[in-house]
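Heads up, the thing below is written out as structure tokens.
By letter and in written order, the chains are A, B, C and D; residue numbering begins at 1 in each of them.
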């Protein structure tokens, strides 16, 4: 059996969600790998771009920040923030945004701002950045996070970015015309949202993970009725990830032998 | 025109630029984004000269914002993102200042801050947005009502108006324009005629510069008129927007400058390590800011070995194979 | 990727592009400005194919707008300026159509129209302006209240709102965003990857393209991926904004295209002369539009002598010494 | 005595109004010549630019339209309309706009739209173009026109661009924060505006023109109490205009011998 690490599984599971032709708004870290794996395997016509304005960079090396020089090298076009964000929200484009978060709730809303009181937090994070913008404007959002009770929570300490808001039609009623949370990819599995209620549920657990383990690490009661085991990474997926996408191993360390 | 630079009288030193343009309490915008093209040489000079009570207006600023906050120069901050990418997912002195209540701060999103600079650059008082709806960005104000009454602070964080062009009721959020007192920009090229050319991504630099009352541009290279005018489609900012120019090679170290040099991973890691502890951070400032008399001395401390390692490869724009862990 | 163009399936003919994208009654924006970079080849094709009832949204359009109006393709026009510079200070068929009541028209200023396209490109419903105050632009509406109720027509010409961020009462005019059905753009370069590069002034072309539902780009030259990606700072429009590409050398004749060819003064003078009289104008259309089967035939009519005369000089971008009287 | 044509006198009289360092927003025709003469003689640091976005072009040849390729050749910077117009209105810049018009009234308001009813005019002109914008935003506006009774009128058929509106402080009260009409340059002389009332008056009549001639050709009672004769063009001014600025004689034909 192939050996692979947790973050490799996450990158590949998320990559499989990208459709050919999608405009993928990538962050750094695992989400960048997911986008790049997707483009090289399942979605050759996907276009990767960054909130900083670099469209379709060569990505011969992995960027360490969205403003890394590597996101402006070999691109189709370099522009500014206004152009980048207006592209994410453009009605004629199917744009998918990758997001990170410190907390997610059962409607896919995200916190990247703080733990505790906003004005005097126990722990302060980086803030929205482009997170709120892409969660508001993109056709769909995919979030990455570690699967922990304190991270998958009933109530966010601060709602930085809106997913399905309070479920049902509440997102549309806010005036957000499209988009919403597509999936949450954790180190334990893949979570989707019910079509009508917009409540989160476990769609897939990764090989080696049990449903109980997922439940134990979730801060609210999780619907697991339709959960099935995810397909493990294929040899091709792993080879591309390790040899082409992140050969320096900056993001994903392969598992210890 | 005579072969001499047409901007000779605006070509001054770092100290002169800070002395002439920046004042205690001023509202300041800094160009660049996280680990790229921060106007670091100017920022070090601001810290060294003891400027205080700055009102910093940022979108996603990393290194430059964090060291200004850490050095105690900043009283008030409007920001979308305080991070250095993988080198500090949350900027450490920024985090500490917020957690210990040492900063007046207000959160916006990145697009919103960029739009606020755009509105300022267009001389319009506000601009609509489609983001923020339903989120705590719109529910919670960071600034107190006292702060809201102060100069250069918008009277409210957002406003809402019914779309007058829509048949159905549709509420649209409005963002207040930003017109900082000063914008600091680091560019690759300045022509003898004062024309500024930024290569690679421009972030919100141009909107910041056009929104500001005064603009200081630091740059890597002064180039002939014939060079800068050969392809004016590539140029970024006309000379009449710039109040002071300072030639500062490696002026954004340890952040990166496309086509010139990559970020300095060793320095960013050192900074993170030093920033994690209050005393160590003062040591860092002592060694790298207060203890350094000039930008040349700073570069000697960085050392030629590192400057060669981070040198950008032509045609690629960054330093391929650089050890970035 | 394979050496073939990545945009092969979107690379179509003038007739196919008009057939697939443009429809009777659609709202249309055309790029360029007065005598420069009008998408003339597409415009001739529109006329030849008998497209009618267009709702044309222009800032300062000259030649392209005038011939569309003259040929009877336009029902409704929003415009800031209808002129061809010294070759026709007021466009003649436009003037005639307004004077004889053959056109529904609405006047804005140039900046206002550009801002309306900008707002459309940003997906915001309106944008404030500081111009127009006190003038008849704001006092008089060209469109009737019936027209105002039609699709793609803003419900009012302007709106006004009290600036919610100002302590004193300050009324701010708002402009409704424009989101045309189609934008037509003529560019110098398209890469094999579909990236568009416009050289020289871009006018409001990029805002028009990003504001529109569909975009057709005609271009002078298809260039390799390696060429267009060598300096992506210079590029204008990403491939995902473009729905159809048509390679049309001299595609903006008789208007100019920077670095490729100057305007054709003889043709602009001929056009003015022919446009001055209704019958003569029909003759002009018969000879230069209806009677011409392809763009190649059109260029043969213009003739190699003239094409050489208007050829732009490299490094200057226009044809120096051209007889322009 | 030097011979010169009417349009030469107009270009030079207007050029003399430019101050060193002004950002001059030029149109085509005589106004372009005025700006260029000014830059070459009185105001070497003036910057000429066009509403289309070309800043400080080489102007080795005279542009025939503001979108002429000659306004984008040898420039410091080429941009778009948004950038150009936001520059005109920038509070830190002293910008002077040259304008043309079919009609001007005694407060320097302009008509470039139509004669007769707006909806069904006797004569339609090009419309505002950037005229309203620069009249609203620039630090000052200078208008060129032929001096005729039907052009200098008591009431405009259509107020395209606002000068001093209804005089006094009425411009500021509209919300136009700066600017206003600086001068009207006609083929007969130079008209200025009273500092307080903002009413137009004759400041200078050109050599060979009489005050009576000016009055006869004006559609309202014109204050001529302070009028004096303008200085004729100097040999230097004419030489620069003819040899350097418009050597092809596209705009100004020198007088017949």
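Note that a residue touches a chain if its C-beta (ideal position, glycine included) is under 8 Å from a C-beta of that chain, and two chains touch if they have at least 3 such contacts.
Keep in mind the model is a prediction, meaning the values are calculated, not measured.
**Q** Counting one step for each move to a touching chain, how far apart are chain B and chain D?
**A** Graph distance in the chain contact network comes out at 1.
**Q** Does A-C or C-D have the larger number of C-beta pairs in contact?
**A** C-D
**Q** Taking each chain's centre as the mean of its CA atoms, how far is chain A from chain C in angstrom?
**A** The mean C-alpha positions of chain A and chain C differ by 40 Å.
**Q** Need the CA-centroid distance for the pair chain A / chain D, whole Å please.
**A** 58
**Q** For chain A and chain B, what's the span in angstrom between their mean Cα positions?
**A** 28
**Q** Can you list every residue of chain A that touches 2 or more other chains, as numbers and ranges?
**A** Each of 72, 74, 78, 82, 89, 137 in chain A touches at least two other chains.
**Q** Any chance you could list the residues of chain B touching two or more other chains?
**A** Those would be 115, 122-123, 130, 170, 172, 200, 233.
**Q** Which word fits how the chains touch one another: line, ring, star, complete or other?
**A** Drawn as a graph, the chains match no named shape, so other.
**Q** Following the definition at the start, I'd like every touching pair of chains, please.
**A** Contacting pairs: A-B, A-C, B-C, B-D, C-D.
**Q** Taking the touch rule as given, give the residues of chain A at its contact with chain B in the complex, in rising order.
**A** Chain A residues touching chain B: 28-29, 51-54, 60-61, 63-74, 78-82, 85, 89, 113-114, 118-133, 136-137, 158-162, 165, 170-171, 174-177, 248, 250.
**Q** Please output the residues of chain C touching chain A within their complex, sorted ascending.
**A** 121-123, 191, 193, 195, 210, 213-214, 228-229, 232-233, 235-241
**Q** Would you mind writing out the residues of chain C in touch with chain B in their complex?
**A** 115, 122-130, 154-156, 159, 161, 163-167, 170, 172, 174, 176-177, 199-200, 230-231, 233-234, 315
**Q** Which chain A residues qualify as touching chain C in the complex?
**A** Against chain C, the touching part of chain A is residues 23, 47, 55-56, 72, 74-78, 82, 86-87, 89-93, 137.
**Q** Which residues of chain C touch chain D in the complex?
**A** That would be residues 32-36, 59-60, 62, 79-87, 89-91, 94-95, 98-99, 101, 107-112, 114-115, 118, 130-137, 139-140, 142, 170-172, 200-207, 256, 258, 262-263, 312, 316-318, 320, 324-325 of chain C.
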